[in-house]
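The two complexes that follow have chain A in common; it is paired with chain B in the first and with chain C in the second.
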Partner chain A sequence: MKMRRFLNKDGTRSVLATLISILIGLFAGALIILIVGLADSKLGLDEAWKGIRLLFLGLFSKGQQAGSLIFGFNSTNIGDMLFRAVPIIMTGLSVSLAYKTGLFNIGASGQYLAGTTATLFIALKMNTAVIPPWIVWILAFLGGILAGAFWGAIPGMLKAFLNINEVLACIMTNWLAANIVTWMFEGSGLQCTEGTKTQVIWKTTHNGVATAKMGLDKLFPDSQQVDGGIIVAILIAILIYILLTKTTLGFELKACGSNRHAAKYAGIKDKRSIVLSMAIAGALAGAGASLYWLSGSTEFHWQTYLSLPGEGFRGIAVALLGACNPIANIFTGMFLSTLDVVGSKLSFYTGYNEYITDVIIAAIVYLSAFSLVIKTWLSKKFKAAEIKKIPDVLITSENAGNDAPPVPKNKGKEGNEK
Partner chain B sequence: MSYLIQQTLIYAIPLMIVALAGVFAERSGIINLALEGIMIFGAFIGVLFVHVCQKYGVFELLPGAANWGSMQLFEILGMIMAGLLGSAFALLLGFAAINLKADQTISGTALNMLAPAIVLFFVRIIANQEELRLYKGDAAEWFMIKKGMLGLGEKDGFIVNTFLNKVYIATYLCIIIFVVCSIILYKTRFGLRLRSCGENPQAADSLGINVVKMRYSGIIFSGFLAGMGGFVYALTTSNCMSNGDVAGFGFLALAVMIFGNWKPLNIALAALLFGLFKCLAAGYSSIDINGDGIKLLFELSKHPTWGKVLNPNFYRMLPYLISLLVLAFTSKKSRAPKAEGIPYDKGQR
Partner chain C sequence: MEQATSEAYPYVIEMLHITKEFPGIKANDDITLQLKRGEIHALLGENGAGKSTLMSVLFGLYQPEKGEIRKDGKVVEIKDPNDATALNIGMVHQHFKLVEVFTVLDNIILGAEDTKLGFIQKKEARKKVKALSEKYGLAIDMDAKVEDITVGMQQRVEILKMLYRDNDILIFDEPTAVLTPQEIEELMQIMRNLKAEGKSILFISHKLNEIMAVADRVTVLRKGKYVGTVDTASTNKEELSRMMVGRPVQLVVEKDEAKPKETILKIEGLSVPSKLHKNDAVKNVSLEVRAGEIVCIAGIDGNGQTEFVHALTGLEKPSAGKITLCGKDITKASIRKRSLTGMSHIPEDRHKHGMVLDFTLEQNLVLQRYFEPQFQSHGFIKFDAVREYADKLITEFDVRSGQGPVTKARSMSGGNQQKAIVAREFDRNMPLIVAVQPTRGLDVGAIEYIHSQLVKQRDEGRAVLLVSLELEEVMNLSDRILVMYEGEIVGELDPKTTTTQELGLYMAGAKRQDKEVKAE
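Let's turn to the complex of A and B:
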């Protein structure tokens, strides 16, 4: 009986709906791998079987010996997974917060780019011989947040004051950011001049600035990338959860999202709320960019004007998959970055390529769009089960011959016994 | 000057046709945010069609062995294939939005993520690199109409040089399709019914119009036009190459649609305006506006002070900047179809 009450909770159903979406998505991916394997003579059934196993267990892949895959605990994979989860957890939070307040933030890519630019400029231009690196780190992080907030506030203001659809405004500001970023880095003198890579900006470690490892390098000793960013991201997710559920500001933002006019009638400044929502969302995306680049383990390709960073759109997937719950976003972010790792394993060990994981993610987002349908289907299932059970309870109480105890009480007792 | 007009048309035509695709969906009551994804998918299908035809020597089988006339036929076939598969792809959005009453913005975004992923996955497997090109030669060699082919000489003047030299038949075909589709939408019974479903589906239903059917037709039209537009874009602007990207053209088309206030004539004008800016971005260094041999914009970009602003980066962001400004000024007046984005619920009043 406890079980039933647990299943009847809205949250449980959301989680179940998400899990069903994920499973369908993964099986769709496996199906594509199988079909392509059978259709393409270069790949064949063996390769397809390898691909499918990697798809589900790629995180635990330890390489291959004599053509067969070995699985087991792999600290490189898990460390890298945690590292790659950081930016998408943050952009996911950004999309979640906007969504909870009635806005669809498709502009996380642009805000991410704004954060990237501010962070890299501050982290690389400041003289770390004079200012201690940890102060530069904090300044760069704050700079990224502010830049993201500014870039997010633009569509917010356009929505609040000029009534422009935020989706469209976000798309335009995305491409504006993509061009401005290229423009700014073109004459910045920050281009990496070392090694064979061209068109990249120095890593922040070039200037001695990097996120502290916070002991995670001990936990995952083989991973070059993992650092304290993931801990910061989790803390921020908890903060956003508290902001949305426990504070007046969060309540105002949400109220404005569910009905702007009613909120205004209740004395909430609707325009301010919209701008603020978008600014916080932008700040989160910007912070994600800061954490990613300040780790100092990857280089930034600065010619972004032809394509937007994928983190923004991944953020949408993270948010929707986690039903826009900040805490759930931590897990969905890690799930998507697991798929990322799986993708690189796929292209490394098999004839397939990493884009299959993008297909799976898109399929999952598509499915999560009608998670409502899955949820109603689930609740119908549970209701049907309940209707079958109730006569049972009535019969037993009649058979007992006692002065019929109230059914709900009986229900509770039975639940406890079970 | 003729270069400017040609280039503007090349960019404006896909925008125009894809914006019309958006109109068909929105007039029937569905927000089609997936235009970008459908374009990407259509471009891939069209390029793949041509690629496969070349690979298996289909062009050589034709009577008259691949003369320029039969190549035009293949170009049109490619457009039709891209359109049909674009429709099929758009049906995914239709199914989610109409049958499952899902959030249309999210499903559209999902399709926008799905298209590049699926295209790149197959491109990698087919071509073993990040982009699918023609099997041999390039688009200009295979499909472009040059004035020599039409028996026109050097001294045939401005009109011939602009509209009949180095053009693709797709451009003109798209204009015809645009006109025909506009007439369908505004002057036929079907069009009226479709539009009614985007304004007040309950009222339409009470008059015996099948809203579900109408919305599906809207989506199918929309997918066809957007898929075709994607292939035309790939053919005319990126040398018949598919790399899972159309550089935000689908989104620009959405802006054009809103700027054009969901009306074909305004959309055509808006598309020309945006095409002009896109053309400036792509070819500012070789545009000779008044024909005196001085490439003014190129000279400006080299100027010590003006060049700081008027450089390629500036021209590239111009279309987006202009569309934001234009939206800012027109959004108060714009009138979107009333029922767009709302799943049809029979019981609602």
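Let's turn to the complex of A and C:
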């Protein structure tokens, strides 16, 4: 009975649904690996078997010896996975928060770019000889947050005051951001290019503004990339969870998102709420960019940003996979970055090239997003079971006062068999 | 229960001993309903009594656990709506199922199109629809788009849909809930015409007046159980309401003479622009509501009442005028400010304004107060306090729901949603209560309750501004009646000296008091 009550909880169902859909996604990925392996004369069954093992255990791959894979704890992989999870956890939070407050933030990419630009300019243009690097770091981080918030507030304001659909406005602001950013780095004379390289700017390690490792380099000694960013991201996720579920502000934002008219009726400033929701969503995406670039582990190459950064769109996958629960986003973000690591292992240790790897990852993400469908299915399944097995324990207030006798067992079954 | 007799069969549809269970609740418990050929048979019951479930069983949407359905004495099995249609059963749903962008004619033939070589034979269809509409007095414009026609006409389209399919068992699910008094009168006449042509009608309603006016027999359900079937000729409203609610119900509100005191609300020269046309929806309205009285704004729907209330409560901006509440000018104040200055508001549209349907009941109960220190500290909601408060209101106002305070508002019945709103607004103890159609769509028990609550609030010294479309409610409840016609107050009447007929004349714009007359 305890088990059933546990299973009946909405949260339990969400988690179960997510896990099931991830499994379905992984098996579908395995199937693709198998089919491609058998179809391609260069690969064959052995390579496919290798690929499938890597798909499930890639995070624990330790390379190969004499052609066979070795598995075990690999601190490089896990450290890299955590590092790559940071920006998509943040964009995932951005999409989740907007979604919970009735908005669809497809503009996380643009907000991410806004955050990128602000952060890098502040981090690289400030003289660390005069201002201590940690202050520059904080300023750069705040700058990224504010820039993202500003960029998110624009579609928010268009929605609130002119009733323009936020999805359309977000698509516009995404491309505006893409082009403005390119201009900022290339055309504006504000260049911070590294030496003779073109279109690549300094890493933040260049002037010592990189994020502190917060001891994670001890935990994962071989990873070049891991830093305190993941800790900041997890803290922010918890903060957003608290904001949404425990505070009056969250109550207002959710009320407004769920029924703008009723919120207005209750004296909540509906326009302010919409702008605020989008601004916070933008701030989260901007913060994600800040944490990623401030890490100093990677250099920004803006030419590629004539297209939009994938982090924004992967945020949607992270959010949906986690049923837009901020805490769940931490894990779904890590899952998606695990797939990243898996992808690189696949193309490194097997004959699968990077393109087919992308297809496999995309299939997994796509199928994983069915968690909502699976949740509905789970709910139905449990409901059917309730009618059949435990009709007499569910006394609602509707019939509690009724003198109706307890419902005899198995009645539902008979009815169904008819 | 009496079983079918073998003589010439009088019953066209019989539902015998129907039992339908849902998890934790018996929605129908051994219910028997026998519909005679050529009668109007009303199905009466409060919200949640099992009327809709029973009709869904008849329509094949649910399979009963027990019981059988007979058509002309023969047992039939109805597995889905197609089976029901094959048995010539048709239904007008409470919320119409029409394609808004299609024409009336297209809607009528949709799903039953006559085709020749794949082409729709509209000419034939047009002829048939025309003949039907003339035969039964169903005035429609066949080429108008459904989105452009009135609700009353949409309903006639739904009726024609059934007739077009040669249905002879017609189910009307709460057909009057969406209609104006005039349209209701028309519908009653249409139902009588249908009956005269030999159709059998099942009429689901909880409005006793209408049932007494058109139905031949009434079957009453209460809490999923069969209470009885009576002839309307040999019963009265009191008996029916007692059967429905399970206890005697007061149909007329008992109240003492009002003892109005100081002015709470003063409105001077209020005008509100219209969203539909260039003229003002509300023109130069002045009125006063004092503590301890119920002032009612009567009028036919769409005469500016909605805009007036929106301007008063802050949902819309007036173009001119001044509103004073408890001595403070609130003309330009925010909604929150007005509400805190002393205004409770039971909104007209409980789904649009009254509730956040995806929130839980307890969240909805604190929708107007979550920011008060009682329910939050430093921006963090005090969940225990909210739960305690919700439990208190739920008990006090008898709000029923599946899971108590954590029930999703969406899953509650309309009556209980309204009770929750009333509970929330009354419990704030504000000097002014603006109640807009507070009993719309509610059953007798709930109406009685809300009426008595309004009187209680008045007696406790609050000012009540009631906006209502129901003549009976206006006459019963108010201490003063203001009639609104085309955005103007055209008369002030005393319910003790005026008659329904006179009130009707004012509402229709046939009569008006001049300002001078009023002043005398």
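Here is the rule we use: the second predicted complex is superposed on the first by the 345 of 418 C-alpha atoms of A that agree within 3 Å, B and C clash if a C-alpha of one lies under 4 Å from a C-alpha of the other, contacts with A are read in each partner's own complex, and residues count from 1 in each chain.
Here is the rule we use: contacts are C-beta pairs under 8 Å (C-beta built on N, C-alpha and C of every residue); 3 or more make two chains touch, one makes a residue touch a chain.
Since the model is a prediction, treat every value here as computed from it, not as a measurement.
Engineer: Should A:I327 be classified as contacting the first partner (chain B), the second (chain C), both, or neither?
Structural biologist: In the superposition, A:I327 contacts neither chain B nor chain C.
Engineer: Figure out whether A:A255 sits in contact with chain B (first) or chain C (second), or with both, or with neither.
Structural biologist: So A:A255 only meets chain C here.
Engineer: Of the two partner chains, chain B (first) and chain C (second), which one does A:L45 touch, if any: first, second, both, or neither?
Structural biologist: Neither partner.
Engineer: For A:K246, select first, second, both or neither according to whether it touches chain B, chain C, the two together, or no partner.
Structural biologist: So A:K246 only meets chain C here.
Engineer: Pick one for A:A266: touches chain B only (first), chain C only (second), both, or neither.
Structural biologist: A:A266 sits against chain C, while chain B stays out of touch.
Engineer: Given the superposition on chain A, which partner contacts more residues in chain A: chain B or chain C?
Structural biologist: B
Engineer: Could you list, by residue number, the parts of chain B that touch chain A in their complex?
Structural biologist: 33, 92, 96, 100-103, 105-107, 109-114, 116-118, 120-121, 124-125, 245, 247-248, 251, 254-255, 258, 311, 313-314, 316-317, 320-321, 323-324, 327-328, 331-332
Engineer: Could you please specify the touching residues of chain A with respect to chain C in the complex?
Structural biologist: Within the complex, chain A touches chain C at residues 246-249, 251, 254-255, 258-259, 261-269, 383, 386-387, 391, 394-399, 402, 404, 407, 411-412, 414-415, 418.
Engineer: Taking the complex as given, what residues does chain C use to touch chain A?
Structural biologist: Its residues touching chain A are 21-26, 29, 48, 63-65, 223-224, 313, 315, 334-337, 339-340, 345, 347, 352-359, 363, 367-368, 370-371, 376, 379-381, 400-404.
Engineer: What part of chain A is in contact with chain B in the complex they form?
Structural biologist: 32, 36, 40, 104, 106, 158, 162-165, 167-169, 171-176, 179-180, 182-183, 186, 305-307, 313, 316-317, 320, 351-353, 355-356, 358-359, 361-363, 365-366, 368-370, 372-373
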